[in-house]
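The structure's right below; bear with me while I get my questions together.
Residue numbering begins at 1 within each chain, and the chains themselves are lettered A, B, C and D in the order written.
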Amino acid sequence: MAYVSIADRDHTIEHHDPQTFITKYVYSQDHKVIAIQYGVLAILIGLVGMLLSSTFRLQLGFPDTFDFINPENYYQFVTVHGMIMVIYLLTALFLGGFGNYLIPLQLGSRDMVFPFMNMLSVWVYFLSVIILVASFFVPGGATGAGWTLYPPQAISPGTPGVEWGIVLMLLSLAVFIVAFTMGGLNYVTTVLQARCKGMTLMRMPLSIWGIFMATILGLLAFPALLVSAIMMLLDKLIGTSFFMPAMMAAGEVTEYGGGSPVLFQHLFWFFGHPEVYIVALPAFGIVSDLLATHARKNIFGYRMMVWAIIAIGGLSFIVWAHHMYVSGMNPYFGFFFATTTLIIAVPTAIKVYNWVLTLWQGNIHLRVPMLFAIAFIFTFTHGGLTGLFLGNVTIDLPLSDTYFVVAHFHMVMGVSPVLVVFGAIYHWYPKMTGRMYNETLGKWHFWLTFLGTYSLYLPMHYIGFLGVPRRYFAMGDTDFMPDSAITLNASMTISALIIAASQSIFIYNMIASLKNGKPSGPNPWKATSLEWQTPDTPPKHGNWGHHLPVVHRWAYDYSVPGQADDFTPQTVPAEDVPVGREHGVEH
Amino acid sequence: MSEAAATNAEVLPDGARGVVRDFSSDMQSFHVPWGKAMMWIFLLSDTFIFSCFLVGYMHVRMAATDPWPYPSEVFALSFGGDPIPLILIAIMTFILITSSGTMALAVNMGYRKDRKKTFWLMVATALLGASFVGMQAFEWTKLIVEEGVRPWGNPMGAAQFGSAFFMITGFHGMHVSAGVIYLLVVANRVRNGFYEKRGGNYEIVEIAGLYWHFVDLVWVFIFAFFYLW
Amino acid sequence: MAQEGQQHPLNVYYRIWALLFVLSFFSYMVDYINVQGPLRWTLILVFMFLKAGFIIAIFMHMKWERLALKGAILLPPIFIGVLIWLMAIEGEHTWLTRIEFFGESTFVPQEVHH
Amino acid sequence: MPMAVVLILLVVGSIVFHFLSPWYFTPLASNWSQIDATIDLTFWVTGFVFVAVNLFMAYAVVKYRAKEGSRAKYDPENKKLETWLTILTSVGVAAMLAPGLFVWGEFVNVPEDAMEIEANGQQWYWSYRLPGADGEFGNVKAEIITNDNPFGMDPDDPLGRDDVLIMSPEVHLPINVPVKVNLRSKDVLHDFAVAQFRVKMDLVPGMETYLWFTPTVLGTYEVLCEELCGIAHHTMRGAVVVDTQEDFDAWVASNPTYAETQSVAAGNAAVGAAQYAVCAACHGQQGEGLLALNSPKIAGQEAWYLKRQLKNYQSGLRGAHEDDIYGKQMAPMAATLANDAAINNVIAHIETFPDNPGAVTIDGDVSNGQRIYNVCAYCHGKDAEGIEAINAPRMAGMTDWYLERQLQNFRSGVRGSHPQDFYGKQMGFMGRTLHDDKAIADVVAYIGTLPQR
């Protein structure tokens, strides 16, 4: 294992600051460059996922009016949409993107502990994305098995993409897992072993806690996905029968026999549920920092927040079968999993309360990142509470596999963490680029995305109550669905299109501000955490110039009584805190 | 490697207080080098992989209505006389354990900076590992050619027998092979003094050792659950 | 201590080494003299966990690591325990429904030939 | 400020929407009022939390927004408050969970007096099985499923002889009798769901699952498949008809037992020849079809399909729609066939005809047609040879102008709109994805190019 380990060298290492474009942006081992590579890739593929959703949303809103969407590509689009959004967008963006950028900077390290592996990680991720996209262009097209890829249907005729699509999808997942593992080992080891002087675990910003926990979940959960992917590949390619019972396909009896489809579902969700928290926890962490910074107030109940993250992480491994209440598994499991599932509500509730209590008696600056953060609390509470409906096994009977589920997880995953992503990008944009984004455009982007998504997903719950199943290309006319529901669907589609379109504002803002944005200075938000105390903005390779920072306090010393300024960076020792008359008085 | 480690030489409390102390310390939580910490975490992740394989195997085996072939017969081997159950597997097991032993000594010699011994012990370990893979290859061919076991079916009973066997032992075999290569690379660097240039630091040998012992560890479980069940 | 790495008297290794051989031999004997029923399972598992324990504790030096690391590595597999437990129940459940509705298997096993 | 206002508006708006929107659970038609009760309870608890949390937040945003010279209050934590909140939340959660688990207990344990039926799922339709007189199901095996034994009944199992087989997506149930539905899939995962009954459960191939309910309201309810099962998942519909006991018994009697299905006399071509004389007038001596009389080619069409269509004409599932001019002509003709035996005979005779490909009369953009046909191929086969197990008739080498007209009928609902014509309804879904006559012409033209086998 040859690697340059510079993460905690307390003196600049003469790492030949890379000059040529290639060494600077392609083979770079600088965690910040890698973070941006991850982020841009994720966002690009995320936009693909978004466009797919707009396309199939058209069919749902205006059935049988568009030629370019038929049952075949509808299911392909839905499947790839789901897969992209969960794995290739959010997992990669939060861990590969923000994880890479924030961990060394907020912990006062010079880089990840194994920069070379870190670089490999991003390129392997790139490869997995290529394979995923390629699956659209192979004979038979991408798989249409749903992002849950349930066998037997995923690998038996009657489903789009059984020829090659499913193979490439599984392959792409396997490759992604390799990429994630290389990155993940780095993040965890860095957090545990390469913090700067004075940076104890209980002084870490909550962003790091969220990302840290999510990465651990990933390292322990992805194995289940890898294994089920391998087993399904064997079933598909060489005819083993792990998941395939004696069954028919396309009217003929198959060679398969003795396998168990439910086994796949268990393995998948043993991965799948932790996965949804992999997407949620970094959002929890980051939003805490946004709230504290822009409310100029310490995060309320920091220790409870940390323990809640740990509790949620642990519990998420014993709730998986709440996705399987009606899957035909042993019905008595329902009691166990309903209980564990609803217990999760408690630590999550604590987080929600503490976010709100952080605003209480704060000094709230409603800048764009703060708007997104507040909107997150609203949508997440909504989505989480609908989760309690589904978690309560009895109520899941009528609601499972209906649009209520779709509404639930979009509210809680398709909206909330996405809002945090945007908030975070606006929040750290000045640090990454040294320039300010355009506030007005930011506000426009916020209102369109926030109100748009709510108007899209609130009604969706009620379509679910009606009993409209998910993954339906068309509902047709049924006696239990009033015609008004059709118009409702149309309105939802229109909101979806508006939201999708409004993302262009964001992208324009990000690109234009690179040149036009006014210089932001090192610490525009007067934030306390380390990344804002770097000697140069944007930080250079090695982050800290000559000497590593030394931490003297937690990351939330905002408006401390008896201190002049309303924020005290972590790097300031007790004796140098500017004391004196406090500017401003409490409300 | 990490100077940070070198700095806190003060004696650390043990037991529960030690845990609190470690997790509330700054800079690092585990008093081990980065590479070792990372290897441990990787092995934890890998544990989950193998566990999932074995869980899958357990489930399909319990759910199978077709009779499950009796491993101790299937894997019996006869040298002229009547077949001795599991004999080859037993030999493979002993080989792997032997290799673990040599590896453990290699690590120890590494820390004693006895490059020559370390090198040869590691080579021995790699060779034992290679012979293990070789025997596995032999076992596979015997199973395929003589017993007619295929991943998709076999004359003795449930199809999942072959599927699970080839998948699990195959995956383990890949780990062994990878380990052999890894060991040889490190061994070679020990020999040509690569690590002397890096402050004569031989933790890398222990890290490689961790991986190797893990491969042995997995075999312990496969042996119990697949061959003895 | 961790800094100079793990150094221990060689004969610790020799003893464990021998011990592993003995244990493997025993577990092999379980099959050879064909113990069956619950006893077989108890023995298999006992020997298995002993072997695993010694490898982790001595060869992988877990015994000498600090409790923090021990905990961090040895606790998470509890989740696997839950998975195994439930999957065992599930396998049994699947088997039962199969027997009840599809009847006993009609598979005629062939003799193993050597 | 706007932020706070919006938050309040959204909270109020959501509540208003909840109470005023016409979109909510369909009226309950089973015993599961407990499920609805649990849902209401959960609504009250979660609704309260939703309102409380967000209004509190909105208030905070107004009250504590940054003003000139204002400053935040520093309070790291408040053990007492946090403990209380935790306790309250736990109480709320427990309040929702307890009844939930109780009702689940009810659902898991089927009452002893429940009658049993079996629902079979298959891409992409339903069929059912009743235990028959002995009240016990015979064993079934997916391995031995054939077109003649679509249920995979084990011929050696005496218990199976009297099982009543229902080869239709529509099943009848007696009112106020608890019924346990055993669920079995022949191929992939499906899900048996009836919105009005509230309960649902997956069908898993290779094992048997179940659900139970007591229908409490007479009427017909749509069965939906709610587990993605391939490209026609959304067309996998069925129906449950809740009858009075008498009607139910009558209906059961009208369906064949397994034994009976095994002992149907094969059609007699010679006898059929006489009856065919009537058909010959329009369909031609050799069943080659006649454009002038709008009669399609029937020679070479599969027997099972001809039989189903003849029966559809007889029972008015087809040829009853006022705009179905030609169907109306066929219906009385079909009526001349007295019984199943007669139908079998005619079909036996038709099967003796030479099968020469119908003339190509439609021209369209074949390559576009091929693109469209990709979807059709899932059911009708790569070469449009037809797959009985999927209820998809052969199209290759048949009459293209007829195909075109039928596609138009399916799209416009002239065909396949009868509530009991489930397979027609399926085709209706697919027909509607062909947006204009050109698309239809193209795909028909492509089918015309397919080799007939």
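Everything below uses one rule, namely that a contact is a pair of C-beta atoms (placed from the backbone, for glycine too) under 8 Å apart; a residue touches a chain by one contact, two chains touch by 3 or more.
From a predicted model like this one, the values you see are computed outputs, not experimental measurements.
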Co-neighbours of subunit D and subunit C - touch as defined: A
Chain ID, smallest distance between chain and overall C-alpha centroids: A
Averaged-CA centre spacing for the pair subunit C and subunit B, given as whole angstrom: 13
Separation of subunit A from subunit D, taking each centre as the mean of its C-alpha atoms, in whole Å: 36
Chain centre separation in whole Å, for subunit D relative to subunit B (CA means): 52
Contacts with two or more other chains, residues of subunit C listed in rising order: 76, 83, 87, 90-91, 94, 98, 102
Interface hub residues of subunit D, defined as touching at least two other chains: 141, 206-207, 209
Residue numbers of subunit B (touch at least two other chains): 23, 29-30, 37, 41, 44, 48, 51-52, 55, 59-60, 63-66, 158
Touching pairs - complete list by chain label: A-B, A-C, A-D, B-C, C-D
In the complex with subunit D, residue positions of subunit A that touch it: 63-65, 67, 70-72, 75, 144-146, 150, 152-153, 156-160, 245-253, 257-262, 295-298, 300-304, 326-328, 331-332, 334-335, 338-339, 342-343, 345-346, 349-350, 352-354, 356-357, 359-366, 371, 374, 377-378, 381-382, 385-386, 388-389, 392-395, 397-398, 400-402, 451, 454, 458-459, 462-463, 465-467, 469-476, 478-480, 482, 484-485, 488, 556, 558-561, 566, 582-587
Subunit D to subunit A touching residues, read off their complex: 3, 6-7, 10, 14, 17, 21-26, 32, 34-35, 38-39, 42, 46, 49-50, 53-54, 56-57, 60-61, 63-66, 69-78, 81-82, 85-86, 89-90, 93, 96-97, 99-101, 103-105, 107-108, 122-124, 141-145, 183, 185-189, 191, 193, 195-196, 198-207, 209, 222, 224-235, 237, 372, 374-375, 378, 387-390, 425, 428-430, 432-433, 435, 439
Contact footprint of subunit A on subunit C as seen in their complex: 76, 79, 82-83, 86-87, 89-91, 93-94
In the complex, subunit D residues that touch subunit C: 137, 139-141, 154, 157, 182, 184, 206-209
Footprint of subunit A on subunit B - complex, ascending: 1-4, 23-30, 34-35, 37-38, 41-42, 44-46, 48-49, 51-53, 55-56, 59-60, 63-66, 151-152, 158-160, 162-164, 167, 171, 204, 207
